[in-house]
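Across the two complexes that follow, subunit A remains constant while its partner is subunit B and subsequently subunit C.
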Partner chain A sequence: MTQQPIGATPKKEGTALKVRKKPRRTIFLQMRKNYSSYLFLMPKLLLFILFVAIPVVWAFVLSFQEYKVFGSEFVGIDNYIKVFESEAFRIALKNTLLFTVVTVPFSVISALVIASMIFVLGKLSQSFFRSAFYLPTVTSMVIIAMVWRWMYNYEFGLFNYVLGWFGIEPLNWLGQSSSALWALIIMQCLIPFGVGIIMYLASMGSISESLYEAARIDGASTFKQWLYITVPLLKPTTLYLVLLSTIGSFQVFTQIIMMTGGGPGSATETLVHLIYKTGFRDFEFGFAAAQSVVLFVIILIFSIIQFRVLRHDE
Partner chain B sequence: MLSIASLGLAASVLAACSDDTKEVGTADEFKGKITVWDGPRWPDKDENKFHWLEAKIKEYEDAHEGVEIELVQVPWAEMGDKLGVAIAGKSWPDIAPVDISGSAVSIDHIEQGVVEPLDDYFDKEAKADFYENALDAYTYDGKMYGIPNSITLHSMLLNLDLFAEAGVTPPEGGEWTYEEFLDAAKKLTFDRDGDGKIDVYGFSTYIMPGYYEAWPFFYKNGGSPLNEDMTEFTFDTPEVVQAIQDLADLKLKEKVAPETHGGNDVGGTFQAWANEEQRTVAMQPWATWAIGAAQGKYPTNFAVANYPTGESEKPTTIGGVGGWVMFHQGEDANKKAAVADFMKFISTTEEQYHMAQNYGIFPARVSAAEMDPFKDNPEMTRAMEMSDQVVMLPRHPEWRKIDEAIQTQLQLVFNGEKSAEDAMADAKKAVDELLK
Partner chain C sequence: MKKNSFNGLNKLIIYVLLTIFAVVSLLPLYWVFSTSLQLSSYQSKDMERPISYVDANPPKMYPMGIPLYFEHWSGAREAKKADNIEDEKYHREMMEHIVDNTFSSFKSLFQKHDIGKWFFNSLYISVVVTFGILLIDSMAGYVLAKKKFPGRNLIFWIIISTMMIPGQVTLVPLFMMIRDLELMDTHWALILPDLSMVFGVFLMRQFMYSIPDELLEAARMDGASEWRTFWTVVLPLAKPGLAALGIFTFMNVWNSFLWPIIVLNSAELYTLPVGLKTLQDANLASFKLLMSGATVAAIPMIIVFILFQRYFVKGLTIGGVKE
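Our next item is the complex of A and B:
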């Protein structure tokens, strides 16, 4: 059967198809009709244009220039060629990928497990743990990094103190190439993913109790109920959290600048730290902009892949 | 003492004499606002670390009706980043305290016209009062791009209490060879409480891009990072490689330095030497600010010594010069003259003498040094005697990248992942690429 356009009259034999014109509803009219909504949106929209959209477009334009204070020069794709030839960029990309690949699954899975454990508690206990796990989210990463730097201190840090209980020699956690990046990964994994826990808790509350009742009648254990009902129904939340934490991990910066400066050598150099150095230490803003655009594309590709793999099947 | 008005007049007259064809303006005719950035200096009784410049600004404003000077207080740690962003956005201040070869303002910026030359406001006689190396640090392509304000250098600081505890005699006159230094470091490494763990180490320092406390050790046998015409990396010569390995071996082989030796913890390293509750390291190299800290906030019984000598038999240290820079001023010649006038007003002999006494830096003016600002401060006097040992770092437009290429390799030597020879061979590849 041939599909007909919406609003079209049935085609008669020997006559041309007549499409009934929809009432002219221009964007302007629609905006006029919903003007109050647009007014409410306006402040945020203006801020978004000013502080996000324009800088993003400007960064893209800048990536084709050699930035000079008085009159930049157009250099075509030279900055992009430099990015792909850069050994420093390759190392930073490798480190960032390792950081992301380990921390994202760990953060999301641990958030799911913690949220599941909190969800079964009473209201008061739930509120307490909700606040406790969300606290690191509202604490500055600078403060967290300083505390962790102390915990990794060779002479009087907590980690080496604990190792000492087991007779293990202290480790120079942040001072050795072999351990520095892993120390940062461990830190990231052990900081509770507060947003994830809160979102999982909210989503769990919306799962119908009747599903669990049916499973219980069928003899499903608590673990099986969690595995076959809770986890699948939280898939949209999981997708959102994976995307959110992947983007965050690709942009890891504060820990690096506060704890290692990218060293020793290039052991903890990451993409955003490299972009920062290129822009604000070397003043190569065009090159830094090209690195940013490449990072944007990498995150976009990862996001699309994750979206396709994890999207909620209708 | 020069009066404020005479400084203004002098600026205008000098300007008028310097170039007939170019309008250089008159400071006294300017009415408007001048913006100055500065970092915290020494505190007054209310712990205000900006009181010196605030008082100078008030004095200048009172003498120049219609001139308003805005002081923007910027922590020193953020000065480089903030200036970098300000330069990128063309929103720089009129005056800021920066080193033109430093992290915020580079030779590249001078070439782009971000920094104003000051030759119109300084004749030969006025320039003659500055130490030659201080003036050189602010001179590029024959032009003067800032007023030198202070000279700093690095020296060895020895904790005399720990020397006494270990029964070690400090080097006579602060002069010693590397062998004598190593011998002292071995004796100063000891287990105080007999629990089998070392409580005090002889020496430690740190390695980080932009910091040069360890570098005079690398010069002990001669050598420098780049050749004279700055076309080739030369920190890979056998004598430099040996010097680097020697310093790393203080931890790796001699065990007279803690595991953190060669790390990147600046604050932690200083605390280990200066903090009364720690004092776990007997000798560390620091810039002159640390002398002030050890005499003030962290009272320590200490002595200042040269860096130990090696095959070259010449003590060496790395120096730095600080000063005031004028940023691009546009077409207003009167404002430019007024900005220069204020810069001179805060850089007089008296001000440099005052700052040397209170802020623990050496004056860049010969006349200020001749006033003997450290006559009651034997440690600063000793450090000042090291001025003739100073070598300056190469002034290459790509120095920040060159420095990083070298220092990141040095970090790997100090944590035992590479030999000095391999590390410098790898640094050479990166640096020679930058020098092309």
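Our next item is the complex of A and C:
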């Protein structure tokens, strides 16, 4: 299958050169000639404008307003000042960053290792293990959070039982500030990164066998071949997966609301949970909008940095 | 990494390690099912009071109803052999109790809670959104890939650039809009924003490029209208792409959580994830009930995954990785 890069225009011969005397009229004529194309595009475009484009613009406008039931008023950058001065936001940012910094590298590296191991197996075992690791990904996070909460249960949970094997005292995993966030981090690390495994497997399949042939003639061990051929060639996939999981990790929410509610205290408060609370418990719409814009900017900055760093030394 | 460069021992190590990892990653799901079927109250003749195997320490790793059922079954058989009618009756009753108790939480979920309704809501919303998305996104993707008209690239780039913006940004304005449209606490509040997701346009556009222009040309020569060309030529050719998009849309909508908990208030309108949250809020300690609810929500996705597995793989690798 040949695929065009995003946004590329397929070249058609014969349409390239046309002398246009009256550009406006030509555009109008072309629009009329292609009216059916606009009709095809219409449903999506209307929905997009109404439920995506307008809300996006509105979010930015809202972030400069203080919301009141009868007419909101512009308050300039007050909301943004409030965001950066607020203790809650700083804690949520710190928690989210810690969560991301630990779970993203762990998920991506373990996906790479697992995919590498699956790749050398036969076809049947390959598809078996691929499914086994992907299955938790199709399960709703609500369900996963519910069962982990049960497994972290102080009295009857699986984890404290396993700790008991090693003679370790039971731990109040989610109930104390010192361990709650780490319990969520461990959970995230132990949920296999199914998307990553499948994408790595697909990319590994496209690496040319002749490269390994050459390395083998030079006497490189299997591990060295992996380290010096496979891993570097998988870099575009790695970049994509790091971006994907970072974006996902910055938006961590379901686990929080289902397992800790941000507590104890604010030990597991994350950015999206804070936005949710600000907007839909306290109904401070302007403040919540400003927080979400800041979240967007943080994600954007992270994405750009990762893009630069991981692409630079190709 | 050539496949045959691994000898027997190395392969064995890989198998063992992968099996351990797979067990760890599937354990939570297993624990959902196991707890949902765990015996929550059992009292045999020689026990002073009933015990619950759900809150057992150490935890029981499988539903205890299974071995106990067989115990009583063989007990009943032996009693029958010995013509001990009373004993046989006791064992038969215990067997019945075990079966009842094992499935009791499912029964109460469907009788006392609205889980049947939640299930239906999730199902019909997911199906409606999936087919809606398939239709409107393939229409949009088709003209964006195959037609030339003024504004095409601009429209595409505007749509795609919003993919970068996390959904939380539009949360508050969307909420205000839905409220002003008086759609709060209706299923429209879920369906309309879901139908506006832009990922499908991008995916279908990528996919439509691979349809040869000659086929479209031929259809036009035969005098087929634009719509007919789309419906009879383009859509059948786009089937693999449609399958991948359909599965991802279904999964996303089925599992969607943050937005539904904001806009839905009435229990009879809940989708499964929202219902599960309220179930958990109201029954924090009844793990058998909670895990049964989780089972009801998990099984459809697992079935969909097993049936359409290859499209999941395809959907992930389309667009991202060059084939």
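We take it that the second predicted complex is superposed on the first by the 257 of 314 C-alpha atoms of A that agree within 3 Å, B and C clash if a C-alpha of one lies under 4 Å from a C-alpha of the other, contacts with A are read in each partner's own complex, and residues count from 1 in each chain.
Operating definition for what follows: contacts are C-beta pairs under 8 Å (C-beta built on N, C-alpha and C of every residue); 3 or more make two chains touch, one makes a residue touch a chain.
Because the structure is a prediction, the values reported are computed rather than measured.
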item: Partner chain(s) touched by A:51 [first = subunit B, second = subunit C, both, neither]; value: second
item: First (subunit B), second (subunit C), both or neither touched by A:43; value: second
item: Residues of subunit A touched, compared between subunit B and subunit C (which is higher); value: C
item: Contacts of A:155 with subunit B and subunit C, given as first, second, both or neither; value: both
item: Partner chain(s) touched by A:177 [first = subunit B, second = subunit C, both, neither]; value: first
item: Contacts of A:285 with subunit B and subunit C, given as first, second, both or neither; value: both
item: Touched partner set for A:129, first subunit B, second subunit C, both or neither; value: second
item: Which of subunit B and subunit C A:105 touches, first, second, both or neither; value: neither
item: Subunit A positions touched by subunit B in one structure and by subunit C in the second; value: 153, 155, 279-280, 285
item: Residues of subunit B defined as touching subunit A within the complex; value: 80-81, 84-85, 87-88, 90, 103, 106, 108-109, 112-114, 208-209, 258-260, 262-265, 268, 280, 400-401, 408-409, 411-412, 415, 417
item: Contact footprint of subunit A on subunit C as seen in their complex; value: 1-3, 5-6, 11, 14-15, 17-18, 21-22, 24-26, 28-29, 31-32, 35, 54-59, 135-137, 139-140, 142-145, 147-150, 152-153, 155-160, 162, 164-177, 192-193, 195-196, 198, 201-202, 206, 209-210, 213, 226-227, 230, 251, 254-255, 257-258, 261-262, 272-273, 276-277, 280, 287, 290-291, 294, 297-298, 301-302, 304-306, 309, 312-313, 316-317, 319-323
item: Of all residues in subunit A, those that touch subunit C in their complex; value: 1-4, 6-7, 9-10, 12, 15, 27, 30-31, 34, 36-38, 40-41, 43-45, 47-48, 50-56, 58-59, 62, 114, 116-122, 125, 127, 129-136, 138-144, 146-148, 150-151, 153, 155-158, 161, 164, 190-192, 195, 198-199, 202-204, 206, 209, 212, 216, 222, 225-226, 230, 237, 240, 247, 250-251, 253-254, 257-258, 272, 275-276, 279-280, 285, 288-289, 292-293, 295-296, 299-300, 303
item: Partner subunit B, residues of subunit A touching it in the complex; value: 67-70, 149, 153-155, 170, 172, 174-177, 260-266, 279-283, 285
